[in-house]
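Have a look at the structure below, then the notes.
Should a chain be cited, it is by its letter among A, B, C, D, E and F, assigned in written order, with residues numbered from 1 in that chain.
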Amino acid sequence: MDVLFLEFFQNTGFYLWDYRNIIMIFIGSVFIYLGIAKDYEPLLLVPIGFGMLIGNIPIFKGLGLGIYESNSVLHYLYFGVTQGIYPPLVFLGIGAMTDFSTLLARPVLMLLGAAAQAGIFITFLGALALGFEPNESAAIGIIGGADGPTAIFLTAKLAPRLIGPIAVAAYSYMALVPVIQPPIMKLLTTRKERLIKMEEPREVTKREKMVFPIVAFILCCFLAPAALPLLGMLCFGNVLKEAIVTERLAQTARTSLIDIATILLGVTVGASTQGDVFLKASSIKIFILGALSFCVATACGLLFAKVMNLFLKTKINPLIGAAGVSAVPDSARVVHVVGQREDPSNFLLMHAMAPNVSGVIGSAIAAGVLWSLMG
Amino acid sequence: MYGFSAINASNGWAISVVGISIVFSGLVMLSLVISQLYKILGFWSNLSEIKIRKKFKRRKRTQANNLPFLTENQKEISRQLLLIAQITGNQFSIERLMHLAQISDVQEPKQHIDYLLETKIIISDGLGQFAWDKEKFDSAIQSK
Amino acid sequence: MDVLFLEFFQNTGFYLWDYRNIIMIFIGSVFIYLGIAKDYEPLLLVPIGFGMLIGNIPIFKGLGLGIYESNSVLHYLYFGVTQGIYPPLVFLGIGAMTDFSTLLARPVLMLLGAAAQAGIFITFLGALALGFEPNESAAIGIIGGADGPTAIFLTAKLAPRLIGPIAVAAYSYMALVPVIQPPIMKLLTTRKERLIKMEEPREVTKREKMVFPIVAFILCCFLAPAALPLLGMLCFGNVLKEAIVTERLAQTARTSLIDIATILLGVTVGASTQGDVFLKASSIKIFILGALSFCVATACGLLFAKVMNLFLKTKINPLIGAAGVSAVPDSARVVHVVGQREDPSNFLLMHAMAPNVSGVIGSAIAAGVLWSLMG
Amino acid sequence: MYGFSAINASNGWAISVVGISIVFSGLVMLSLVISQLYKILGFWSNLSEIKIRKKFKRRKRTQANNLPFLTENQKEISRQLLLIAQITGNQFSIERLMHLAQISDVQEPKQHIDYLLETKIIISDGLGQFAWDKEKFDSAIQSK
Amino acid sequence: MDVLFLEFFQNTGFYLWDYRNIIMIFIGSVFIYLGIAKDYEPLLLVPIGFGMLIGNIPIFKGLGLGIYESNSVLHYLYFGVTQGIYPPLVFLGIGAMTDFSTLLARPVLMLLGAAAQAGIFITFLGALALGFEPNESAAIGIIGGADGPTAIFLTAKLAPRLIGPIAVAAYSYMALVPVIQPPIMKLLTTRKERLIKMEEPREVTKREKMVFPIVAFILCCFLAPAALPLLGMLCFGNVLKEAIVTERLAQTARTSLIDIATILLGVTVGASTQGDVFLKASSIKIFILGALSFCVATACGLLFAKVMNLFLKTKINPLIGAAGVSAVPDSARVVHVVGQREDPSNFLLMHAMAPNVSGVIGSAIAAGVLWSLMG
Amino acid sequence: MYGFSAINASNGWAISVVGISIVFSGLVMLSLVISQLYKILGFWSNLSEIKIRKKFKRRKRTQANNLPFLTENQKEISRQLLLIAQITGNQFSIERLMHLAQISDVQEPKQHIDYLLETKIIISDGLGQFAWDKEKFDSAIQSK
C-alpha cells in the first residue's frame, strides 16, 4: 500500500510542480483580478486567467490531461483555436452587435482606422530585427491590430506554437488600453486640438446600413481574399442584424453563439500557456514588441488625424485617431474620457466609434495580407 | 540573423510597404464607395419615388390638401416607421409594416399607422400595397 | 517591391475573378433581397444568399480559404452539412416548436401529407429520364418534399456533390411557395370547393399530444428505419415540448440550438455554390425538375383531397391538400390566403396545418426509403 | 442513357411504386393508430378513474352534494389545470400541480387551485395525493 | 417489383426486430414515463429514455444509421460522450448555477461529502469480487458518486463499452433517490437525532465566494490532477458566476450551453443502449452493484455525521450526511422532506446543500484518483 | 476470478484505502484552508481599510460626525451595495458601482448611492475614486 501511496503522491502536483507553473498560476490570478476588480475586458481576462490556472496545474503526461496531449478534452476544445474556427464565430457575433452608422455618416474617418494599422507592419519589422522568423514576425505584428480574434486567427495559421504568448499579449494590452493610450494622446496633441468639437454626423438611412456590410465585404475581400473568414463572418453578422427579419438569428449570434465561442476560446488559450512552453525569452520579446506596436499604432492614428486636418475643411479632433487601433469599444471610450477631461461638454464617443470599427476591418485586411504573403 | 540584415534578408521593407498600402487602398476604396453609395441609394429611391407617385397620382388628387398635424412624439415615431418601411422598397403591406415595427419595438405602431393612413401620409394603391407620401410627410414634419 | 505588388495583385479577386463568380454574387444578392424585401423565408434565404457571396469571392487555392479545401474554416463548418449533422439538429428544434393537435384531431388528413409526396417519386423518374444517375435522381426528387433539411440530409448521403444546387433549389422553391402554388390551386379546384368550410376539430387531450410523438416515431421508423435521424430528432424535440417538465431543454432546442444550426447550415450551403462547380447544365436541369416536382406535389395533394371527398361524409376543403407538400408553415398560410380570397370568413390555416406537418413526416419517410434503396 | 430506357434500366418504376406505397402505408398506419389511440387513452383514463373513485369514495360521501359555482374565467382556467393535472396520471400532489401550472403560465394558479379544493372538485386522499372529481367538475362546467 | 418490396420489407423493423429491442423500447418508455409523470430528474430521464427508443429501432447495418457505425450522425454526436467532452461542459454550467455559500459558512460539513464517497470504493471492491476487470470495477464504483457526468466521464476513459449500463444505472438511481434514501435514513438515525435543529450559517462575504472556486480548484487539482477536466470546468463556471462582470458568460453557460450538452449527452447515451449490447448478465450485475453503492454511500454519510457529533460542540443533524452522495439537489431535498416529517419547523434544505455540493467535488476527486490509478 | 482472491489479485484493498484517504485529505485540506481564508480575507480587507483610512483622513476630519439615519430598507440595500463595492477592492468609481448594482438588480441603486454619498458613508478621495466609511456605516446600521 505504501508503494501505491508513494506512486500516487509522485503523480500529485505537490510532487510534480515546477517554479514556472507557480509563476503562471500567479499571472493567471492577476489576470482574473484585473478582469474582476479593475473591470479590464473581464469577458476575456477572466476566462484566459482561469485557463492559465487550468493549464498550469502540474500534471503527469500519458493520461490525456494536458491541452497538448491529443485525446484530452482540452485538446478537443483547443481545436477551435488551432484551426482558427472560434475567431470567425466571435466575429459573427460582433457583426451582429456593431452599428456602422457613424462610419457611414463620415466615411473619411475610415482612414484613421487604416493609419493605426501601420503599427502592425512596424512591429513586424521590429520582430524580424529581433530575430524572429518572418511568419512569426507577422503573427507578432498583428498584436498591433489590437484585435484578439484576428491575432489568434492569424497566429493559428502562421505560427501555431506562438498562439499562447501572442494571444495573451494581445488581450493584455487591449485590457490595458486605458493605461497605455492616454499618455501618448496627451503627448502628441495640443490642448487646442483636444478641445476641437466635431459636427453632428448626418442621419443614416436604414437602407445604407443594410447595403454597407455587403458592399464592404465584397470590396475588401476582392482586395484581400485572405481576410474572407473574418470579414465574411463580421459582415454576415451585420447583415443579420440590419435585416430585422432575421433578428432571431442575429440575437443568437450576439448571445449564445459568441458567448460559447468566447468561453471556449478564452479558457483554452489560457490553458495553452503551460509554464514550460510559455516562459521563454521569446515570450518576453513578444510582450515588448506588443507594447511597442500598441504605442506605435496609437501614435500613427493620432498623427494621421493631424495630417488629415491639414486638408479637411471641418477639422476633426485628432484624439479620435487613437481609436483607430480598434480594441472596440475601449479605445473609443478612452478617447471620450480624455476629451472630456479637457472639456466635459465635448462628446467624442460616437465620433470615435467610426475609426474604432474601421480599425477592426483594417486589421482583418492586414491579417489577410500577411497571411497570403507568408502562408 | 538580427537587425537590418534580418529585415532585408526576408524582404521585410517591401512586405511592410505593400501591406500598409493594401490596407490603405482597401479602406480608401471602401470610404469612396460609401460616400457614393449614399447618393446612389438616394437616387434610386427617388426613381422609385417617381414611379410610385405616378401610380398613386389619381388617388392623391382626390385628397384634401390640408396639412395633417403631428405631435413631436408622432413625428418621432413616424420617422422610425418610415425608416422601417423603406427597408422593403417603397411599397409595403400594412401587416408587414406592423410586423417589422413590432420586432424593432416602435411604441404603439398600430395606433400611429392608423393615424398616418387617416391623414393620408401612408396612401394605398387600393390593391393591398401602400406607399409613403414623402412630400406630404416632410411638410408635415417641418410644420411647427 | 514591384514584384511583390504584382504577386499580391495576382492573388486579388480583381485579377482572379471569373464571370461565373459575378453571376453567383448577383444571385446571392437577389437571394438576400428576396429574403429581406419580400420576406420570403428570410431565415434561410439571407444566410444562403450571403453564403453565396462568401463562396464566390475569387480566391487562390493553397492557403486554405475555400470551402472545398480541407483545413479551411468553412470546410470544418461545412462538415455538419456533408455528414448530415445539421439537419437532425434543425429537426430537433422544429419538433420543439410544432403542435400536432390538429393532426391528432383529424388523423385522416395525414393522407394528404402522403399524397403530396408523390411529387418526389415522379420527379425521381423525371431525373432518371434526363440522364441523372439513380442516386442523384433520388436526391433531386426529394426537392419535391419541400423540406430543406430533409433534402440536404438525403443529398449529403446519396450525392454529396449536388448539395449546393439541390439545397438552393429546395429553399428557393420553398421561398416561392406563395408564387408557385396559388395558380395551381385555382386551376385544379372549383370555386364551390374552395368555399367549403371545415368543421371545428375536436379538443385534443394533453395525454394524446404526449404519446403521439413516441408512437409516431416507433411506427414510422419500424417501417422506414432510414428515416431515423430525422424523425428521431423531430419526435424527440416534440416530446421535450409536450412534457412541460423538460421545457427548458425544449426552449433551448427551439432557440439557440436551431438558430446556430440554421446559421451554419445556411451560410455553408451557400458558400458551397462556387460558380465553377455550381453553374453547370446539371444545375439548370435540377432547377427545372425542382419546379416541376413542386407543382406535381401540389397537384397531387389537391387532387387526392378531391378523391377523399368522394368517400368522406363531412367534406374537406381540397385547398388544404396543397399544404401536404410541407414547406411549413408557408404553404398552410398560402392555403389560408387563397381560401380567404373566396370567403373572408373561412379560416383554413388551422386545418391546413394537419397535412402540412404530416407532409414533413411523409417526406422524411420518403427520404428514408430512397436512402435505403439507393444507399 | 435517357428517357424511358434510363428509367427502366435503373428499375425506376418499381422504386417509385414501392416508395410512394411505403410512404402511404406509413401515414395510413399512423393515422389508424392515432384514431384508436384516442379511445385507448380514453379507456385507460376511465379505468384509473374507477380506481381513483373507489379510493376516494368514502371521502366523497361526506361531501355536501350542492354544485359549486364557477365563473366563465374559472371554468377556462380549471380546464387548463385539469389538462395539466392529467399529464402526470390521475393522482397528483398540489405542489407539483402548482409548479407545472406556473411553467405553462396559467393565470393565478394558486387562487384557482384553492377554490377547486374548497369546492371539493380537487379531492385529497388524505396522504398528500390529490385527484380530480370529474363527475362534479363536468356538472359544474355544464351548469350555467 | 415484388422482389423490391420483399427486399425493402426485409430491411424494416417489422422483419428485423429482436425481443431485446422490444424490452429496451419498453424500458425507454418507462424512463420517459417516470421523468414526466413522476417528475424524477426529467431533464435526464426523458432524453435518455427517448434515446433508448432511438437506439433500439431495429436497423440494418451498412447504411450508417446505428450509433456504433462510424459515419452515422448519432456516432458523431456520441463522440462528445466517448471522448468525455460533454461532462465538463455540463460541469461548467453547474458551476455557473451553484452557490457555495453554505459550504463556506461551515466548511466542516465538507467531510460529509467525503464520507459518502466511501460507497464508491466499497462498490469497487464488490465489482472486483463479482469478477469485473479492475478498470471496469472502478467505473462501476463511481456510480456510488451519484453524479451522472462524473460517471460518464470516468467510464468513457476507463471502460468505454460500459458507458450505456453505467450511465443508465447512475441516472436511474439518481432519479430514485427519493425512493432509496428515506428508509435508510430512518433506519440509521434516531428520532431525537432527526429532530436536531442546526444553527443559522454566518453570512458569507462576496469576496470569499469569489476566491473559493480558485482556491478549491488549485488545491484539489494539485492533489488529484486527473480531476482537472471536471473540477476545472466546475470552478471556472463558478468564477464566471461570482465575478458578476462576466454575468453574460455565466448566463450562457447555465442555459444554452448546458442544455445543449444535456440534450446531446442524454439522447446519445440512451441510444448507446442497443438491446444486443445492453441486455447482458454484466448489466444486471452493474445495476445490483449500483443500487448497493447508493445505499452504502448514503449509510456512510449518515454514520459519519453521527461520528462527527461525538466531537462537535454544536451538533449537526445526521440526516444531512445523506446529502453527501451528491445527486444535487434531490438528495438535499429528500433530507429536507424527511426532516420536516418529524418537525415541520425544521428547515434542513440549506444546511444539506453544503455536503451535497462537496459531494460533487468529492466524487470528482474520487474519479480522478481512480482514473490515474487505472488509466 | 471471483471473490476475495479477485480483490487481492488486483490489489483492491490498497487502492480503496488510498482512494478514500485521498478524497478525505482533499476535502479536509480544503475545509481547513477555507476556514482560514475567512480570516485572511478579513485581515487583508482590514489592512487596506487602514490604507484607505489614511488616504481619506483629512477629508473625513472636515465631516460633521452626526450619525446618518437609515431606514430598514436603506440598511438592507446599503449592505448589498457594500458587498458589491468590495468585489472590486476597497476603492471604486461611482459609475462602476452603479453598473454592478444594476447587473445584480439592486433596487433603485442611483437614489441609494446618492443618499450614501450625501451622508458621507461613501466618501470621495477627490480624484474620482470612492471608498466606504465602514466605521460610520456600521454605527449607522446598529443605531435603531
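Just so it is clear, a residue touches a chain if its C-beta (ideal position, glycine included) is under 8 Å from a C-beta of that chain, and two chains touch if they have at least 3 such contacts.
Everything quoted here is computed from the prediction, not taken from an experiment.
Shared contacts of chain A and chain B, meaning chains that touch the two of them, come down to C.
Under half of the residue numbers at the chain C-chain E interface are used by both copies of the sequence. When the interfaces E-F and B-C are ranked by C-beta pairs in contact, the top one is E-F.
Centroid distances built from C-alpha atoms place F farthest away from chain C.
With respect to chain B, maximal separation of chain centres occurs for E (centres as means of Cα atoms). Averaged C-alpha coordinates give centres for chain C and chain D that are 33 Å from one another. Between chain B and chain F the centroid-to-centroid distance comes to 51 Å (mean Cα coordinates, whole Å). In this assembly, the C-alpha centroid of chain C lies 55 Å from the C-alpha centroid of chain F. Looking at chain E, residues 4, 8, 36, 39, 210, 223-224, 243-245, 255-256, 369, 373 sit in touch with two or more other chains.
The multi-chain contact residues of chain B, meaning those touching 2 or more other chains, are 13, 15, 18, 22, 87.
Screening every pair of chains for touch gives A-B, A-C, A-E, A-F, B-C, C-D, C-E, D-E, E-F. Interface of chain C with chain D (complex): residues 103-104, 107-108, 110-111, 113-115, 117-118, 120-122, 124-125, 128-131, 134, 137, 205-208, 210-212, 215-216, 219-220, 223-224, 243-245, 247, 358, 361-362, 365-366, 369-370, 373. Residue ranges of chain C in contact with chain B, taken from their complex: 1, 4-5, 8, 36-39.
Partner chain C is touched in their complex by these residues of chain B: 11, 13-15, 17-18, 22, 87-89, 96.
The residues of chain C lying in touch with chain A in their complex are 4, 8, 11-14, 16-17, 25, 29, 32, 35-36, 39, 42-43, 46-47, 50, 53-54, 57-60, 62-65, 71-74, 76-77, 255-256, 259-260, 262-263, 267. Interface residues of chain F facing chain E in the complex, by the touch rule stated above, are 1-4, 6-7, 10, 12-13, 15-16, 18-20, 22-35, 37-38, 41, 45, 83-84, 86-87, 100, 103-104.
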